[in-house]
């Protein structure tokens, strides 16, 4: 069983040692280790991917919990194989309804074989949508839309979420959240073609470049963001010369983005692709 | 009638004066003038777009011919309205057959309402294709594929070509050729999405950026190449993660590029779009 | 005498005709014409550079004034040779004092052979600086710093300004202003190396790219902004690894930018460089 | 003592396990682990930075040698503290003499406190320069200049080299070489300002962008090349408008590059900077 351990701490002294010591002591095979030390942000993190017999998972989890308690590190143990048949998604959104609704509908209609126990948002607007699909709605924003990132992490744990789907969620996740759910668990929909149009206004940027093709990108978010390498799905549409920007955005948001994200999430849930050493890899057919 | 006059000369002394003097003396309305002086390349050029009664076209052409003879300038007079019902295309190509063949087939089948009197190439390979469609084949390359650009210009005049279609023609047109056929007469197929992937290996570049969407761009070439603003048509296709580059290129060359170029040329021939002050503009429906 | 005529109008009908007709009728040699038509912005403009005997300048100005009155076009006639011995500068600024003060000091101390009749700003802060150097201070900002661009143009005319020096003036000039003073009359100080760092926060961007060299660029502003081609002067400084961003900005603003802009303005005023067909050219030594 | 262990293998099975197992078993503190798996290139690598008592260094080296022999991995153990007083440099070069000579002179004159036991080149041209400074000259190129990268690694080991200085060495090091000397041991001189001008012709590119400032960058090479983050030193020079490219290159190669590289190498040798989690960090003054 392939297991991902992530650890996060306030300094780099003793971050890796107890975890790696335990893991190697148990005879686990280490498949990948990545560490991160950004002194300026006081963020020290590690991802450790290992192979163990499935029967050992619970014991490993217990051991890591104890290490976490002793050391004060935030440690998580997770495997994509745990709930492979029906993983649990958190859908994160803000104001725009098209993409989160598309995910909820695909889950309801069977296109995506998963459950959505929770919809998380920094704005109240889409609470009725969550209710419509029987998902809990958790508000993490204050009045101005600023998100409580610590609360989001807490919610992801409480609802035992496997994958976080950012469906036009208009906040940037801090590196600490990305590291805690590292290993291919955070799926984002960017409303432009990456890597060419990375900013906040990709429709405007592509339109300003007088392009006639517009696109969306579904990708894993990894802690140090060099988006582009982690593409899961891209989808485009073309318009005729003279098409107004409003119409471009309308097509993009209502048709192209939902289809792009839904197919991307499906690829992950159906285990067609996964994140391997910072890159999306297609799983070989059995 | 909208008429485009282009002039090219070896220095900038007296380039514009005789032409503009004549044109304003005849009472023509000047819609656009662009001049270019690049001392380092000894290239001085002008584009002048004017409105005149259609009955004046021949007289203007004669006058410009005389000015050209006296001054030594290379002057051309052209109007998209001259042969609007059935313009004449030159198809320029090198080795790759998909895109030039697509144009020839679309012309034969009526998708593009034009004639192709000549296929121009810097390599012999596609001579049989020209013969198959009843077009003359003109070779402008030496043994190494280096093109005789002056001969190309001569051929475009001799065959009374309205539009030059670069269908994976693998040479860069020199600025002097671009200026002589300025005003929206040179249509290029670039095998990548502009402006993001402008180079010689756009499939490789997009693949290296780990994109899952690839595209082609049909655009007017203008003398000072800031490609991107002159897009006539763009077309894309998506692939699954894990698709090999060979397969990407195969789909792109055999399916996407031909469809992209054919539709782009059709838009120009059907007068849906035209070049206006360096930008592609959609003609308002009547 | 080389004369620049600029014209600006609300539509492109009849913009160029009367001016060009008059100019060619007088036998002037046309050295350069550029026209601009951006339907979306309702901005139609022309720059026309001609050679005439100096004795004809006043007559030309009168004629253009009359054409302007009749047609409603905004027409300007200017020659860099008019006040070549001691041109008149407008120094435009906002909050930062280092660069405008450097220009005023260089003028006072003789490093720049020019006069500064007016300091223009969208903020009140630097009014005392203008007073200190005996220049008028003209406020064009409302309370929020939004500039009255039409008033700026009026002031530039009223003070008979030859060159506009943007010394950390933190507003973008609209295209209409750029066109009215086209031909190499607007000199900007950008606080980053162009073309690599074009944005609003070039120190932050270069620092984020972990560079150890930072720079400033003095350049002509031309109507369609492809900054980089119009560089008059660039100046850099290096820092040691570990230098804080604050210190980088302090050195840049207090030492590097003033020196960069002062030398750039001097080059223009001393007629070492000029703008020729959108490019900066070094004037040949006599 | 901070020790860097690098390991390289043909597959990722069992790459990390024996090394990490040994290290943790000995009680070493793990400061950094980075792993790399690029299936397409069959390259699997690890960097492991640990803290041990200096007295343990030899024992660790022995253990790693044994693990290497048993597993077939290429393992290296190194510490910057080993020969901190006088580290050993390999100077790698091709045709251009300015930068390698500058290093050799600085070493001779005491500006750089190091020894240069060997000059390595893929061309014979600079053999006399090596002789002049009493360094061995090792040729790793075939007749066409293609380098024998395996031989280079062998030579670096044979001459017990601490730091590899690429002084206009015109070959790209393969990732396997970069990984084997990871951890801040390979210092490159790039003849342009990074990250803006990364290519093979940075002088031409900057000149083509009509810049008036040109620069050079001294940086660590890290295995996955996102050059720019690893800058050790940058140095620039400015030219007047109208300066020819030949003159720019002459100044750059003969004056700016040697000074840039010499100061960069000095900073590393004097332990002012080091590579820490992919970034250059200034060592705090004691």
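A, B, C and D label the chains in the order they appear, each numbered from 1.
Just so it is clear, a residue touches a chain if its C-beta (ideal position, glycine included) is under 8 Å from a C-beta of that chain, and two chains touch if they have at least 3 such contacts.
All values derive from a computational prediction rather than experimental measurement.
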Distance between the centres, which are taken as Cα means, of subunit D and subunit B, whole angstrom: 49
Mean-CA-position distance for subunit C and subunit B (Å): 36
Whole-Å separation of chain centres (CA-atom averages), subunit A against subunit B: 46
Sequence positions of subunit B contacting 2 or more other chains: 281
Category of the chain touch graph - line, ring, star, complete, other: ring
Chain pairs that touch, as defined at the top of this document: A-B, A-D, B-C, C-D
Subunit D partner contacts - residues on subunit C that touch it in the complex: 193-196, 209-213, 215, 228-236, 238, 240-242, 267, 272-273, 279-282
Complex interface listing, subunit A residues touching subunit D: 12-14, 16-17, 20-21, 24-25, 29-39, 46, 226, 276-277, 281
